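Presented sequentially are two complexes of subunit A, the first with subunit B as partner and the second with subunit C.
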Partner chain A sequence: MTDTATDPALEVAPGEPILEIRNLSISFFTRTREIPAVMDFSATVRAGEALGLVGESGCGKSTVALGVMQDLGVNGRITGGSIKFRGEELTTMSPARLREIRGRDIAMIYQEPMASLNPALKVDRQLMEVPMIHEGISADEARARALEVVRDVRLPDPERILDAYPHQLSGGQQQRIVIAMALMSKPALLILDEPTTALDVTVEAAVIDLVRELGEKYGTSMLFISHNLGLVLETCDRIAVMYSGEAVERGRIGEVFDEMRHPYTQALFRAIPLPGADKATRPLIAIPGNFPLPDERPPGCNFGPRCDYFQKGRCDAQSIPMIEVPGDAHEARCIRTDEIDWDAPPDISDHRESPEIGEVVLKVDGLQKYYEVSRPGLLGGGEAQVVKANETLSFEAHESETLAIVGESGCGKSTLAKVLMGLETATAGGVELDGRAVGDVPIEKRDTRTVADVQMVFQNPFDTLNPSMTVGRQIIRALEIFGVGAGPRDRKKRMLELLDLVKLPREFATRMPRQLSGGQKQRVGIARAFAGGARIVVADEPVSALDVSVQAAVTDLLMEIQREQKTTLLFISHDLSIVRYLADRVMVMYLGHVVEIGAARDVFAPPYHPYTEALLSAVPVADTHVEKKHIVLEGDVPSAMNPPSGCPFQTRCRWKSRVPGDLCEREVPPMVSFAPGHQVKCHLSPEEFASMEPVITLAEN
Partner chain B sequence: MIRFLLSRFVTMLATALALTFVVFFLTNLAPSLEKVAKSEIGARVSDAEVESWLNRNGYGEPMLVRYGEWLGVVPGWTHSVDGEVVAGRCAGADGGVDAGARCGILQGDWGYSTVFRRDVIEIVGRSLALTGKLMFWVMMVMVPGALILGVLAGMREGSKLDRSLSTVSILTTATPEYVSGVVFIAVFASTAVGLKWFNGSATSAMENATIENFTLPVLTIALYGMGYIARMTRASMTEVMTAQYIRTARLKGVSFPKIVLRHALRNALIAPFTVIMLQFPWLLNGVVIVETLFNYKGFGWTLVQAAGNNDIELLLGVSVVSVVVVLLTQLISDIGYVYLNPRIRVS
Partner chain C sequence: MEPLSWTGAWGVWLNPLLGLAVAGLVAASLLSVALSLLSAPVRRQSLPDGTLAARDGLHGMADMAGRAFLWLTALVLALYLLLPFALPYGALGIVGELSRRLLPVWIALGATFGLSIVFKRRLGLYGKLFDSTIGMAGFALVVFWVFTAIFAGLFDMIATHDPLTALSGMKNKVPGTPLAMGDDGVYPHYLLGGDNLARDVFSRMVHGSWIVVQIAPLATIFAFLVGITLGLPAGFYAGRLDTVLSFLANLILAFPVILLFYLLVTPEMVQTGVPAYMAMVLFLFPIAFFAVLLNARLSPRPVLRLVVLAALFILGGWLYLSMVSQDGTPVDFWPDALDLFDVPGGILVVFVSVVFVNAPTVFRIVRGLTMDIKTRDYVAAAQTRGESPWYIMLWEILPNARGPLIVDFCLRIGYTTILLGTLGFFGLGLPPDSPDWGSTINLGRRLLSIYPHAAMVPALALLSLVLGLNLLADGLREESLKD
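Showing the complex of A and B:
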């Protein structure tokens, strides 16, 4: 049972519903019309239980959360249905009663911790406010409580943290403060809206761990909103999958994951890279088409136009209700659940050959990049400090090869990309492209050939296209700069071919970027990068800003163009699932060092570098058959301005005690070779390496 | 921080130097000098007489040299008759002139006003104090009034309160002082309407400011600036009210008044603070109209007198003071900004 001090009359026994949403419909009203955002949504959260709400952006999952909080803004309104919290109707509640419930009984954790904390108030005041409002306790008591909760969310040096402003904390610490704020009055229901989207994987794993543990400690029920199926599997008991404003499937998490009964759920699982997927033998299957806009929903089943099992005349004839399917309260919004063979293997007709790995294209030798920054305070002069972004990086990349660069923010992967592109010049060491040294040539001094040879696909397709230039014009501009084509006519032809290459209709040449969806914009970005026949394309998290259903399509496209053009792809990512799926070789970076490099299958299997091991454990996997070893890294990545002595990872390493003496603190470890090309930067003895167990094992089913 | 202050100080010096040179150049053009001479020795004199007067009074030298004299880097002019120095820039109280002495701004000698027949430093000091008094009361009325207007309008965007307050602030900003001042005098101080609540002249307020004689000038200036600051505050407030941390506060169960006062206000004041500090230099010039209208002998009134009579040294003194006031308020604004916004550190 819980140790909360709530009124026993309000206490809800485990298993009883604490939040009941019945046929909820929410619409937003503009001047001219009504836009339905959520339709006929039902869900129940029982005491002590966590419900996952999963779906792509725009499916209405956050709107449901705000509907529960009764905070839909001026334009949003609940148009039907009911939301009951402990039997009390929320939709008709008075503002005064709502204020009592918010923060005390229902608390929310938000997506962007920085934006959710008041920048002008110190942390302690923001935390203390909650119990002071709801329980009327004194400031001293509230501060004592804040101190206790901050300790509970495992923040180091709680006194100092309480006395800090939000901007003085790291992203992970900020999110812990937001969590602490939600727990200040020990709420009965916690709503988490994408709580870890802005965080690094290892930080994400620690935060999720914390949420789960605190949920158990305080007996809090949770409504967990996420687009990440893996995260939901790790945290929730039940799940509701949403598509275009409707719940399409609902049930126990195991049943939905293993015996899904809605085509959308099935398509989602086939579109994400799970262990076992492989770009040659078991490629991802993208969901065809685009997400319908709220005012362009098709008649009948919303998923109909993108569904493999669509039957004209039935699926689009009437609106589809939730239908019970076998299992524990398992329901799906599909009229054909009985007719579809759910166990049929996916149709993989286009079996592809892995490309032949060719000659060395890029050779990086002892690359080092330091930045000098001065950080003067308000009083007193500033002293220059050195950010050691890259330390002695050495690696090679071959033709037709995909080299994944993995690491968390601050590991130096973006600096490496900048040096390759010529946006920064190396402090020491060399970069050779096809035998030409380019490491200390800034981009404005590079010749056209070199510029066209090294191109980049950016993370965020939404602001890398010029908003006031047509798509065709932007690609032609790239062709002009790369000196491709004899004249305007020639270049126009080439531009249309490039659109074909990235599988965009030729009409898109005259469109403006704002008329394109995220996935389409990223395709334009890819076309631009490949316009000059690039030898190396640096793809900096090219799909992380896209929805799951289009990620697969864009990833696939990149792979296909790479195969045709024999391009070297440097794939920068923090998402190990996708890296495992597409990379030939993997390079793991930490604080500017390469800590492990090797063929993908070697890196993903023991022996690991301790950091790789932790990374692998941190990535949530959306597969119930996967057994994962639980490793949580404490603390944050140290600052690159003041890196730890010796091994960069020694401050967080769980294997450190196995190394005799203070070797880890004194010396940077040497690169130790295992399989051909597989190197690990670690002091551990061969015996210790041999004793490592795989982090991820696929259970037999 | 010290480097920051130092660089600001250097900027201030450079600006003052440049501005005074421009003023010096314009006031020392031949027609302007002729005007000075005629005002001194009578309008009906011949060109030759003007010429000789100018020479006798040190206006004959090249302009750059004379600018140097004013600055105090070049020895002051002397005029000698029969080898004996009879007049000079650096004439003491006893009439004795020390040839070769420098007496300019650098020596603390601001010169002599030809209009008021007094030392410039004395006039500038007195008028600055008077305008300071006026400005103080304007700020006391304008700033709180504008902030309250802006915050009230901005806390619920699009509401009736917002729309009516916004209309008021646009109206006040759209009415220049010479219109509102005349209207106020007509309505509140004349027999035209017959209210006669206040005094139409603020001359008596120089010695003894009362509600009766000081309300109208203060209100005239304050209203004009108030609308502007209120608009800025409103824009800033509406932006803050849609911020995510305000949602956080709302969903913590904080009541609306507390959200506005505790969570929104400080963040919303960051932008208008700069605008308020920008009002100081504007007030310096803005008071010109109002001081003339209400016959209040402050800085603006002095400026008008000096310019109208081509009082070279007084104009230069006024320029220097203006530059110092403008840049000093900007410095205060920058430092205040840092304390208001914990995310910014001076660099």
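Showing the complex of A and C:
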């Protein structure tokens, strides 16, 4: 090493390694045994470079970050290898020196912004503290720097923000403050652990944009941890893919994305919906099996049991080392990289017919839902405020159809679901189910048939099942309530058949939910929803909390059952990739309004509603062939309690200036029809619409 | 017969051994504390070959010595318990003979622990208790008293004498005194001495445990049923119902407990029938609770529901009427022929007061848990299935609130036990010659400065049981958090 090793304060020239992790192993110790969390992990982050660490939950990626921070808790220990920061060994460093480095040279940003903010201190104090402690600069100087950094993270009205308490800011603003805090000390290395998972898509896109820009401006190196391949593609230069505690592939981001040399990476890419995937002709391919638990890892290759190219006697004979493959420092942990035909198309055995779209099942006409919330005044005399959760929604859904409802938090999609389910009643307008009006019938008054007809699949797999009842019992309860089956014996049979339907082994009937993985729980949730032969199933982000490799399988299952039972699927999601893949029609919502509705191919092609356009641009796509137009929305979604006048989107719209006068601010735009069934709620003139360019283009390659 | 000393002939060398072991243990722990104050803890280091260097030098030695002395202490204690079975009567003094009397308890305790540890992986939360040292210690103490109570109360095994008969010449005798008139077939010693009415302190303590172990949990269960039945709807519906119920709960909580007891238990009050009327209301709750519970579960199966509910109402109603109708109180309407049992007036009053005092706290815990759990998706799923509110409360929410409730239940049995003691101490509630611990302490306290043993023995018993319950609650909390 050069003299940078002896004097760490010296700036490191670009290209020099900032962080060098070599053969790192980390274990957690319980009273009885050792659980290896990370094994033989090596990586290098060079100055000004961003390294992405991707993998599913439990693969050890966050443990690596904690290892770098030397913050493994009482049970975690580094059991081998070295971590060098600018040539200094972190594993043997004295606690005092470590504290110094951690605050000043390495900063970390966590998923939950509030975890890093002190709720009792104003923002400016928290920001100023950092350089005052670590560099001993004066308060005035620190304040000036805080102001500069807050401007840098593009927060509006920096003075006001500095004077606020963290809870007065929105989630996106909080995360920006955390980033600002991390930047206050001008760190050499920034570790980001799923920094945007808790944010909405358009806000996420803006934060990611910011991170990338700041990285360039300050020359900060980054270790970016995420489960989202698209995000990593947009932010990082190099990537390490992790599986079950090991790095399985490592290299330049373009090479790994386009010429992956590990079966797991390949399987991962085949399991996520990329533009071009299509449920009928190019379905997703789920990775079979489950992620191994840390104490149940197979001998030899960890991916062996799920690998298509597994060879007995070779893959499970010895532990597999990292092997160089052609490319720029491209390595993969697979002994068969030379033998596999990487360009062979995936074998798609079952071509599926798209189902016939049938009659109208659900008809929503001018649905309105307002809530009254009384702001608690001092003497109870607070004025009542109205939250306009849904504004005159009108749409229809047909038998066997998948209608996707897209929007960010606060757009009113959950309220719509509640009204459909009967948990809330409509303020005005009508909901008709097979010709019966149900909009103002609360669930207690609905007859069994109607209740069984409209069912729901919930988002959080860890919350969807009652933890103290066996799986079988919960399904049987649904059957009992829906009046299915002649007696206990018959219902038990039905229950087992439902388990078959969702492809779970029958033994699961006697299991408790905590013994199931997330994907399996979600399957039980699906079985429960279909127990009464539902006509409409509202699926509220059913796969967004699942790991990538499981998402494909659950999505597939949902669509298969839908096809067989001719169910109408209302698929609520903010993830446009999956919507593009499976929806027949798409409805885009913003602040309680439907701003665009139409067949999927019409919605995903111009002309767009300006909000749809921004949404499309915001969704990260894990495909190097895709070129995206870069549209960043300013600010956050306004509160539904205090919506803007006129067009709901006017506070963030980039097309607003093309509309003459202040029409957008005065009047709610009408629905304009384009293709049959394709409607957009916008004042833009037909010429402007015609001038719109597609957001996503697939480069021919 | 000779008087027994505390540890007899063998104690001469066992006692110094124990003293040594304990002294060593204390010294080692002190050393370890002092060392960690002096020098910063050395972090465990990984060596190149992948092994770990544990703490070395003085630290390591202090740790090791501590562990060795701990084992030695445990070994000597085990000797105290086991040796008597190999030795003749009295060789290990009072301690030895106590251990011999408690033989059935040791066997039962050993069997319980052996089986539980072997099958602990299959026993859910109960099994996990055996992963926590604190939990095991607490469980051992509690189960020790439960077994003692059962063997003494049901099988009449452990006690050496009748708890109520006085033997002449034994008044206020110190522990280990031989009987004045050594009859054949009568146990020759008062192991823990005699009280001021010349009754055997050991036998009274053992029989007292049966009363404590019966009443405290039962009364606590009633308090829980009341608290749960009111707390669930308060948390679930919130709004006005919650406001009213919470206000009432706070009102009762704000009332000084002992004063309340005095009011409830004084004979004048009993005469007016207030406690009896309160009993009428409180004892309705269990029936209401189980009726709603079963009704909600069985509503999709009408025939079964009819049968079960009818059975519940007939049996429960009968028990209820027998319970509330008491001879000699204003509430005495139920023909004696049908009256299954007459609960002694004192106990009924004790029940009422325990429920009255504990239910508001339980109510608040349940209400808080309900508010938290009702936001879960599985509750929403139940709502979208069109389940009735009571089904949701009792089958979706309550089972998932059980962790904190079980912990609180253990703690609350402890409070109730102390409450019983307090009541007995004031001469309230149970009849004055009852061997329960509170009354015994009360009797013994008058001569406390001269003959402490009559009060100390039940006081230590009470202490160990409550300690056990608290440790058990701690262990359960710790283990349930790990889930």
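Some notes on this structure:
Here is the rule we use: the second predicted complex is superposed on the first by the 687 of 701 C-alpha atoms of A that agree within 3 Å, B and C clash if a C-alpha of one lies under 4 Å from a C-alpha of the other, contacts with A are read in each partner's own complex, and residues count from 1 in each chain.
One rule holds in what follows: contacts are C-beta pairs under 8 Å (C-beta built on N, C-alpha and C of every residue); 3 or more make two chains touch, one makes a residue touch a chain.
For clarity, every value in this text was computed on a predicted model and none was experimentally measured.
In the three-chain model built by superposing on subunit A, subunit B fits alongside subunit C with no clash. Judged by the touch definition given at the top, the superposed model places A:564 against neither subunit B nor subunit C. By the document's definition of touching, of the two partners only subunit C reaches A:514; subunit B does not. In the superposed model, A:133 makes contact with subunit B only, not with subunit C. Looking at the shared chain after the overlay, A:423 reaches subunit C, while subunit B stays out of its contact range. In the superposition on chain A, A:91 contacts subunit C only, with no contact to subunit B. When both complexes are overlaid on chain A, the residue A:446 reaches subunit C alone and has no touch with subunit B.
In the superposition on chain A, A:456 contacts subunit C only, with no contact to subunit B.
Between the C-alpha centres of subunit B and subunit C, as viewed from that of subunit A, the superposed structures give an angle of 30°, to the nearest 10. By the touch criterion stated above, A:74 is placed in contact with subunit B alone, subunit C being left untouched.
Taking all C-alpha atoms of subunit B against all those of subunit C in the superposed arrangement, the shortest distance found is 6 Å. Put simply, subunit A uses no single residue to touch subunit B in one complex and subunit C in the other.
Across the complex, subunit A meets subunit C through its residues 25, 31, 77-80, 91-92, 95, 421-423, 443-444, 446, 448, 451, 454-456, 458-460, 463-469, 477-478, 480-483, 514, 525, 528. Put simply, subunit C touches subunit A in their complex at residues 40, 44-46, 50, 52, 131, 300-301, 376-378, 380-387, 395-396, 399-400, 402, 483.
On the subunit A side of its complex with subunit B, the touching residues are 69, 71, 74, 99-104, 107-108, 110, 112, 115-121, 129-130, 133-134, 165, 167, 178, 181, 376-382. Note for the complex: subunit B touches subunit A at residues 1-3, 158, 243-245, 247-255, 262-263, 266-267, 338, 340-343, 345-347.
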